[in-house]
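Letters A, B, C, D and E mark the chains in the order given here, with residues in each chain numbered from 1 onward.
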Amino acid sequence: MMLLETRALTANYGQFRALFGVDIAVAAGECVAIIGANGAGKSTLMRSITGVIRNGAAMVLHRGEPIGVLSSAEVMKRGIAMVPEGRKLFPSLSVEENLLVGGQARKAPGPWSLEAVYDLFPILRERRKSPGTALSGGQQQMVAIGRALMSNPELLLCDEISLGLAPVVIRDIYAALPRIRAGGAAIVLVEQDIGKALAVADRVYCMMEGRVTLVAKAAEVTREEIHSAYFGVAA
Amino acid sequence: MILRLQNVSKSFGAMKVADRVTVTVPRGEALGIIGPNGAGKSTLFNLITGNLLANEGRIEFLGRDVTRAPAMERVRMGIGRSFQIPQPFEGLTVFENLLTAAAFGRGGREAEMVDDCARILAETELLSKANVLAGSLSLLDRKRLELARALATGPELLLLDEIAGGLTEGECKALVSTIKAIHARGTTIIWIEHVLHALTSVVERLLVLDFGRVIGIGAPDEIMASKEVREIYLGLEV
Amino acid sequence: MYRLTTRTRAGTATEIAVLVLVVAGLALPAVTSRGVIQDLFFILTMLTLAQIWNLLAGYGGLVSVGQQAFVGIGAYAMFAGVILLGWNPVVAILLGGLAALALAVPTAFFAFRLQGAYFAIGTWVIAEVMRLLIAQWKALGGGTGTSLPREATSNIMGTDAIRALFGVREAAARDILAYWLALALVVAVTACIYCLLRSRLGLALAAVRDNVGAAQSVGVNAGRLKWAVFLIAAAATGLTGALIFVQTARISPEAAFAVTDWTAYVIFIVVIGGIGTIEGPIVGVLVFFVLRSALADYGSWYLMTLGLAAIAVMLFAPKGLWGLISARSGLHLFPVRRRLAGPNIKGGD
Amino acid sequence: MIWLDTLVQGILLGGLYALFAAGLSLVFGIMRLVNLAHGDLIIFAAYLVLLGVTLLGLSPWVAALIAMPAMFALGWLLQAAVLNRVLGKDILPQLLVTFGLSVALQNGLLEAFSADSRRIPAGALEGASLDLGLVSVGVMPLMTFASAIVAIVALNGLFYHTALGRAFRATSDDAVTAGLMGIEPKQVFAIATGIAMVVVTLAALYLGMRANFDPSIGPARLIYAFEAVIIGGLGSLWGTLAGGIIIGVAQTAGAAVNPEWQILTGHIAFLAVMLLKPRGLFPRAVD
Amino acid sequence: QGAKIRLGYVSPQTGPLAGFAESDAYNIKAFLASEAGKNFDVIVKDSQSNPNRAAEVAKSLIVDDEINLMLVGSTPENTNPVATTCEAEGVPVISTMAPWQPWFIGQQGNPADPSSWKPFNFAYHYFWGLEDIIAVYTGMWKQLSTNGKVGGLFPNDADGNAWGDARNGLKPGLGAAGFSLADPGRYQNLSDDFTAQVNAFKAADAEIVTGVVIPPDFTTFWNQARQQGFKPKAVTVAKAILFPQSVETLGDTGHNLSSEVWWSASHPFKSSVTGQSSADLAADFTVKNGRPWTQPIGFVHSLFEVAANVMGRVSDPTNAEAIAAAIAATDMTTVVGKVAWSGAGLPPFAAKNVCKTPLVGGQWRKKAGGFDLVIVENAGAPEIPTAGKMEALA
């Protein structure tokens, strides 16, 4: 049984439809990349899974159980944590409080704790008292990841964690991913940086205009395939 | 010279998103802008249109200093723009969206604008949807509407932000020929686009932006040949 | 080859119906009792206030809780015109509009610095300040309030003609005059708003309401638009306030600056009826009037029901009653949509 | 001498306003809810305390202690059943619903308790005073002020040093992202309103002991409470206290010049602060 | 005879003034059940203590219910809008329970300009005036030994402006009687702080406090005065301590507060309609309603007495002018005393429309389970017996 599945998932913003029947599947412990151009619907897919946008019950399945109508909080308590696009730290909370808030609703056993997160991103330990928004973009991204880890999720959804960051910082953040996988969590990585994504993912989905246009093993996919799935035109 | 930026800088907090950008655009040119996500391309547009005000530097349009001028004034002077994330007036119809842009962007009476709006709608293939609420359009039509509305303001300088992203090959071709036609009429165009082949088939120069800095400007072939640009831009090993 | 139309069959029918209603309304005093005329005066003036507030909040996005400032200042200016300057009350009504306009300028200057809830509370405080200041104006009775002198009320312009025309007593003639003025005002205000919505400014208002940033990027001056709407609304509210108090003939700061009467009930009418439509306030005022007449003799139960009705409508029909009706039927009595008519266009004609 | 007295009495009055405003500040700060029924809820709580005193023969303090959980439950229910459905960027639904609630409450109380002026008896405390040499201050106003501080310290403690407080602040910053952290914003809001109602009960106790109340006087105090909250800055409880004191001192100072100016100067102080700092004295980072 | 005579009655049945209306139902029922009342219909409308609403319902009574005579009482907030409406409509109105100055002057276009004041054709009022208040209050204070310095609490409302008026209010009269008035200025009702007044009274060395204060404000003032160490010898105020319930909210500190008394259970007058004495009326009310008697009971009752008397003297109840003339010609004794618009004791401008009823002074005395209103001053109306002497506050 898959850890997470979407079946013919559709999503609307008002009258505007952003997803047209998306099917993806993630197995336990797996790392899946989702790529696609701006506006392809990647973030919408993440929001639909986590209940920010509600759907038909059976459109999202967690271990075979329908969770499409659950609230974000209920989805999260089932062990699906998200690092939202744009990091979305709580500005009135300090770094440490941002981390704590991530772990306060779901208390599951697992490798992640405040200390473990600080070990993963040592810079955060130094800045623990500063307000979350006073950090650099990369540090903020670390807090956002750490915050999601605090609940010891089975599945971690990461939406564009390299967006707007310097290459060195991106490298640091990507370096943390194997350690997170080693902790047992499956990862869904939404990325526009195709190279980075393919380097860490087992499988890749490419989206365009609200549809999945390519599913492939990361190791086997060719540049041409990606290019045509990504832009809708041949390279 | 239609547009001149001199050492234009903009920061959000500690993050510099435009870093002493200097560029001059001659009248009638088509200039392409590329750069990775978050490089500051859209921000540059916002600075040119007045949606954001620069922290430093000077912006001249048609020889006038517009660094501090509000957005609506710049529209009337002839700077039209599209938004990367389409921002139609959802409660208005497609036609009304254009009419608003025409009436206020050029400052004319509605009745005089009707034929012009209809022509633009035909050109952007929205004519059949003229009376449909903009809020119910598909992504493709929203992007068309962005272009159409920008055109309706009667721009001398047209700023296009990723209007080809996510189009099919056929749609993309049609779009390119539309933009070529607009360019051929003498409108100066600055176009941000990730779909390179579409971009390069129109523009005469390419500008590459990374971390708010101009890291290259020149003929498309030269720019695309640069290894640095290819790496930064696609992130793919070439 | 292409044409712009706003005309619809429902719209034309409405225009004819309104014309007929207005003519009938003008002739009404000949056939009906004073009670009906007074009820209609109440309905018409509340409708005027509601249409104005709807322009302000529904189209202009300015949720003001301080409109009583303009009702009050208009009414007091009218009283000042009559008592201190010896003007005829009907003429002094115009003074009410002017005074409200004058007050609107500093109010807007202050309140436009504030957003959302702050704007609402800020306007409310300004109205309170006006109430307290007016309560210091001893020549108009201070906190006690004052009445229109009888010489003034007894020879209001035109009442003699009305007395002769309908063969009624002076007080009834005054009511008829006030009613006609209210009818004229509501028609004028609604027509102005309708025309405004069908003009360039209507497009600009809709654009700003949908997306300020994009509106500015096509050349709409959002700031000036807000000013225009606020000033127009203030002046019209001042006129209405002055007219209401010509009919009441008595004023006090509490009555003239009552937040409940001139703003809360008006919001109730607009929102119950359906905000952002011209039809909404009309529906709303009818509901309000029916509730009031049916329940007014039950004292506190009336107001309790009113309060609960407001909650219920907001929870179950957030777009108001007209919202429900037009969603079901697609009906628009006052169409403002511009349609492009011509070859290859759907829904043009 | 007189000026010192005016200042001291103004500060004490500010304590009362801050106490009125603390609950509002919580609700306004956390969920941007403009609660026009706040004043009437205070009056409602005052009647509840009065019932405890007259029917059960309790001391006012005990009666208030018993009323607090009842008010918490009421606030929780109100938020869960009604107010949660009108939260959002558009403030109109909130205005209308809370105005409806205010009217309904006022008239419900009128039916139940008539228009008579009532008072929570506080015995000798009412006139008791403390001679501080230069000025003589009432024990009751002092207690009111102290309670305002205690309430604010307690709320601040809750806010900044507990998991619940963290959840409040996170939800207030960004309800959607808080949901992703496993926090149900609607539940958090219901609890917040419940807590606000506990503070309201405290305010009601002092309101009822210091002066008469009847069902109609709620709205008159509401505007001061809003002013205090806005002057202080959204979500800052100490700011609310500062706001209350500014209004209180402005009022007593205005009255010392001429009683006609008392309430007016309070409002003018508010307008002046808004003109200089449109987001209040201590605005927080976001919005 | 055919149709009954229709009386309109506007009263504040809800809202802050509702105390005045608590005996409405009782009195109207008794009136309609009496011999004199059987020719009448009484149509009651609630003003919700709101002057706007009062004017509105008055209009509706006139227009929709086509009443023949309007009755109204209970403070200028209620009487003035109704009387103004009636005057403008040409409908006769009998009004009471507001001192005549705020009633008469308050309805003039420009209260500040006496030369512009005009009498009314249809509006008639009976109650007492500020000159009576001055006589009664100074009479009470003279029973104590004080320094003659008085502090005044006058809000910016109809009553407060009339009482505090430098020319027509309390000040000149108190001066003539040997008292000096310190008046810090008009305050707004429902103020939360009276420090300024307390300081002003202390500075003026006042030993007496007077004024016309609404109950919540009086409580606030009285508490703050004691907290801030201000201890006057006499507090004689109107409105705030009108009702026993208001005094009870003050607890022990209500003891020996004093006020004017316009009607009491010990007034030696009888109802012309039911024949009850004042004592009977008060007792009957208490029995039927389980509440203590209050001053408005007598006056609400008397309104219907006067109405019955007036309408008994007109042949055509639809002739407004005739009714107005009949009101002007009234000369009768009611449960609140003699009512006759003879102009006695009034300045010329008010002589036509105002009639004065007797006024005495009383002090609240704490007794087991409540307070008693004891009459301590009757110089202006010796027919009303006193039951004690004025006592200084502890």
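Following the convention adopted for this analysis, contacts are C-beta pairs under 8 Å (C-beta built on N, C-alpha and C of every residue); 3 or more make two chains touch, one makes a residue touch a chain.
Since the model is a prediction, treat every value here as computed from it, not as a measurement.
If you take subunit A and subunit B together, no chain is in touch with both. Note: the chain lying farthest from subunit D is B, by mean C-alpha position. Put simply, the C-alpha centre of subunit B and that of subunit D have 51 angstrom between them. Between the Cα centres of subunit A and subunit D there is a gap of 42 Å.
Per-chain CA centroids place subunit A at a distance of 76 Å from subunit E. The set of subunit D residues touching two or more other chains comprises 107, 110, 260, 263. The multi-chain contact residues of subunit B, meaning those touching 2 or more other chains, are 90.
Not a single residue in subunit A touches at least two other chains.
Every pair of chains that touch is listed here: A-B, A-D, B-C, C-D, C-E, D-E.
By the touch criterion given at the top, residues 14-15, 36-38, 84-85, 90, 133, 135-140, 142, 162, 165-169, 172, 194-195, 197-198, 211, 234-237 of subunit B touch subunit A in their complex.
The touching residues of subunit E, when paired with subunit C in their complex, are 13-14, 45-46, 48, 50-52, 55-56, 59-60, 63-64, 76, 80-81, 84-85, 87-90, 102, 106-112, 116, 118, 155-158, 160-162, 186, 188. Considering their complex, residues 1-4, 200, 203-204, 206-207, 209-211, 213-222, 337-340, 342, 344-348 of subunit C touch subunit B. Residue ranges on subunit E touching subunit D, taken from their complex, read 14-19, 49, 156, 184-188, 190-193, 195-197, 199, 203, 215-217, 219-220, 223-224, 226-229, 243, 245-246, 249-251, 253.
The residues of subunit A lying in touch with subunit B in their complex are 14-18, 37-40, 136-137, 160, 163-166, 192-196, 208-210, 223, 231-234.
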